[in-house]
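Here come two complexes built around chain A, the first alongside chain B, the second alongside chain C.
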Partner chain A sequence: MNPTMMNSTSTQFVPSRRMGIYEPIHQMSMWGDFKGNNCLDASTPMILEVDPKLDNQSEDTSHGTVGHSNKYDQEASKPPDKVLRRLAQNREAARKSRLRKKAYVQQLESSKLRLIQLEQELGRARQQGMYTGSALDASPLSYAGSMNPGIATFELEYGHWVEEQDRQLADLRNALQSTETGDVELRIFVDGGLRHYCDLFKMKATAAKTDVFYLMSGMWKTSGERFFFWIGGFRPSELLKVLLPHLEPLTEQQRLDLGNLAQSCQQAEDALSQGMDRLHQILGAAIAKQLGEGNYLPQVGAAIEKLDDLARFVGQADHLRQETLQQISRILTTRQAARGLLALGEYFQRLRALSSLWSSRPRESS
Partner chain B sequence: MEKIGKVASENGVVIFSKSTCCLCYAVQILFRDLGVQAVVHEIDHDPDGKEIEKALTRLGCNGPVPAVYIGGKLMGSTNEVMSLHLSGSLLQLIRPYQHNLSSHD
Partner chain C sequence: MQKALHYRNLLPSSAGGSAIPPPGDNQSGSVNLRKLVADNAVVVFARKGCCMCHVVKLLLNGHGVNPTVVDVDDHNEGDVTDQLSRIVGAAPQFPAVFVGGELFGGLEQVMGAHISGELVPRLREARALWL
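And then the complex of A and B:
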């Protein structure tokens, strides 16, 4: 085996806006270990730096004949059929070697993505002081990462988004607790916080184009958050119910405005929910047409057109979330809006913690 | 396009829709819950449907359905209707067309 295969330095990483969050783990090549074993143990993933020259170097190497290369010099004197048989065996061995290498590289790629996600989870957990389980309790990467790079990108970006969210909340908490913070500074926090939510909605819109069912499943969120899920995210009306007690004292006008907002938000939500029910029926009926004939292309083809409608609903739900946040911040004073944003952020942090505490609770031995 | 203008001016609240569009259905439900009997014009059942669709797109409606007219004026699509409702403006606009409101005040 060629030693340069073991120490190559070319790196393949999933592109990320924030490089440097994780350090690649350098390992000796497991290529030799892999010779007789096609399955890479997924519980011990590692990042291997794969040299693209690897392809050419293994082409002509026949495993088992290393150290016997001078045997070929004697081929001319051997009977032709033995020569042909040896050449055929070499070709076969080389072909098998290439297939094994291909499978190995694929395993490495998915292990690498999984490791990146786990490292992100750990980073977040260390920040929050507890172990989060969202990567483990749902294994979203096993669904998304191996099937859809757009979704894998979204999950990575969402991980960054949550980290940034936690940072902003910590800063906001400090600012609110300090007596010296004025409205001008708080305004910056509020605008920044609202913009951060807008960033999330934009990310989701991009992801919806690659896989709208994924967004509907909420698989990038923790299981606790999914319990409260409504068309791709949190319920806007729930938002108001959570925030209201923490915004006191309110003026009468504010109370009135917030009440009207709560009512219109609920009405908009109900309308979208009923539209979704109708979409369920139509989509289900389209798929269920003429079952039993074996051929599914016409029905599935018709159903795919309905998925555009579904993407519009997810977009509409996000628009409703965004508008609700904007309206709330218009009704409130800067300081109230800052307190509201902090309360909202902590609410979601608690939901995330709920999931991880639940999944890491000590199980009773039966 | 004159047909759009005609239908819009002859009726209080008009929703240009498609029978298969569930978002259009959602907007209809919203107006119904607000006590408005909106006129729903399904362009996929209209022989001039394609023309209407092109005209609505030119007018800026993304979708292009649902396209909502109130009092002869184009309000926009679902986004605009939702924004108007959350800001409280939609209720003002539909007041002349509301009748037998549901249980809330």
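And then the complex of A and C:
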């Protein structure tokens, strides 16, 4: 026994186990359970590190009745008033110990309830598709707070879209690598691939009606993709730059057509960007009208009307993306278009992989 | 530099003769839009301050086109919508772009034609381009 590890309020000898007898048995066993493996060590008093406030953990259930007879012998030889004083102190110490234990147990109970609650929420959020297919991303659950069912649906569908995209790309890669694949079969792949992008644009249009800010934020994409974000998605001119080297060999006419397309894309993007800047200004001005009066409803109400315009902008940007993809496929041969689609798909896969790797890299200890 | 027409200040034009106002179009201060779109190669009808309209104008300007812009506001919206509906056969969405007297469409159609390369030939046909 190591007296120095005892509670400071106790005296030279171990707090009497007699106190234990007055406690309801189930409490003692719970308390004992908490010490886990330490229970088995009869001689070493335990100090539970979990809660430093509760410093009287040193009681050991297995002390049991062993110490009893020793105490009686010791007490019989001491002066009565000292004995009485010590008994009183023991009672006090034990009482305090019981109170602390009670508080600790209550704390544990409420933590347990909280944990159950969190697990339920997590389960629900997972079901609703917060966890998208592409996620090893840093913040897949960032929107869990105020869930909008339209957005939850969108995230779920987007997860499926990415999975389907990966499948289509794998099939396309196999088809292109095989020497037996003819143009007819490739055409099916190309049309299917373009249609798949169209499906995404339709999903986004529906989601924009529920929450256009969410679409503009790009939170449904990985962080790497967000870096290259422009009005709710990828930049069409960027797309062309990525694809061009992989489409060779090109005829002169194709080169010319693609050059014109690149220029038209750039012009359209610039026009839309300037329109967005305008919308920024108008929206900002609407919100900033007559500040300082405390009332905000008229200004915010007027601003909300402008958000319809924002949704239309995202729609126009998606439309530009769609038109660009269609035009590329018109300019190219079937085989070139198939290679282009594969290159494009892999480009986005790499961006998603970049995000995963980045967010799961080992952190240096500071 | 486009000509932004302030609707209420326009007087019905009878220059050059033969424009016959369509029936029911005799309210004072009302502009004959049918004539307007016929006389001007490119006409854009848009709500004032509409950002989409801004984009349409930028796209057209990029081709060297100075469209005639008609500002639609609360006062004239009803009349404009009526007249355009009669010309087109259905209520138009703003911004509405007319090329060569015909409804070309909205921003989406202009953008689509711009990307596909169809816009320039149409503009040329309507004599909107100098070259």
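Throughout what follows, the second predicted complex is superposed on the first by the 221 of 366 C-alpha atoms of A that agree within 3 Å, B and C clash if a C-alpha of one lies under 4 Å from a C-alpha of the other, contacts with A are read in each partner's own complex, and residues count from 1 in each chain.
The rule we apply is simple: a contact is a pair of C-beta atoms (placed from the backbone, for glycine too) under 8 Å apart; a residue touches a chain by one contact, two chains touch by 3 or more.
Here the structure is a predicted model, which means the values were calculated and not measured.
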Three-chain arrangement built on chain A, chain B and chain C clash or fit: clash
Chain B versus chain C as contact partner of A:170, first or second or both or neither: neither
Touched partner set for A:282, first chain B, second chain C, both or neither: both
Partner chain in contact with A:300 - chain B first, chain C second, else both or neither: neither
First (chain B), second (chain C), both or neither touched by A:272: both
First (chain B), second (chain C), both or neither touched by A:88: neither
Touching partner for A:312 - first (chain B), second (chain C), both, neither: both
Contacts of A:320 with chain B and chain C, given as first, second, both or neither: both
Contacts on chain A seen with chain B and repeated with chain C across the two complexes: 260-261, 264-265, 267-268, 270-272, 274-276, 278-279, 282, 309, 312-313, 316, 319-320, 323-324, 327
Chain C - residues contacting chain A, complex: 49-52, 54-55, 58-59, 62, 107-108, 111-112, 114-117
Residue ranges of chain A in contact with chain C within the complex: 260-261, 264-265, 267-268, 270-272, 274-276, 278-279, 282, 309, 312-313, 315-316, 319-320, 323-324, 326-327, 330
Partner chain B, residues of chain A touching it in the complex: 257, 260-261, 263-265, 267-268, 270-272, 274-276, 278-279, 282, 309, 312-313, 316, 319-320, 323-324, 327
List of chain B residues in touch with chain A within their complex: 20-23, 25-27, 29-30, 33-34, 63, 78-79, 82-83, 85-88, 90-91, 104
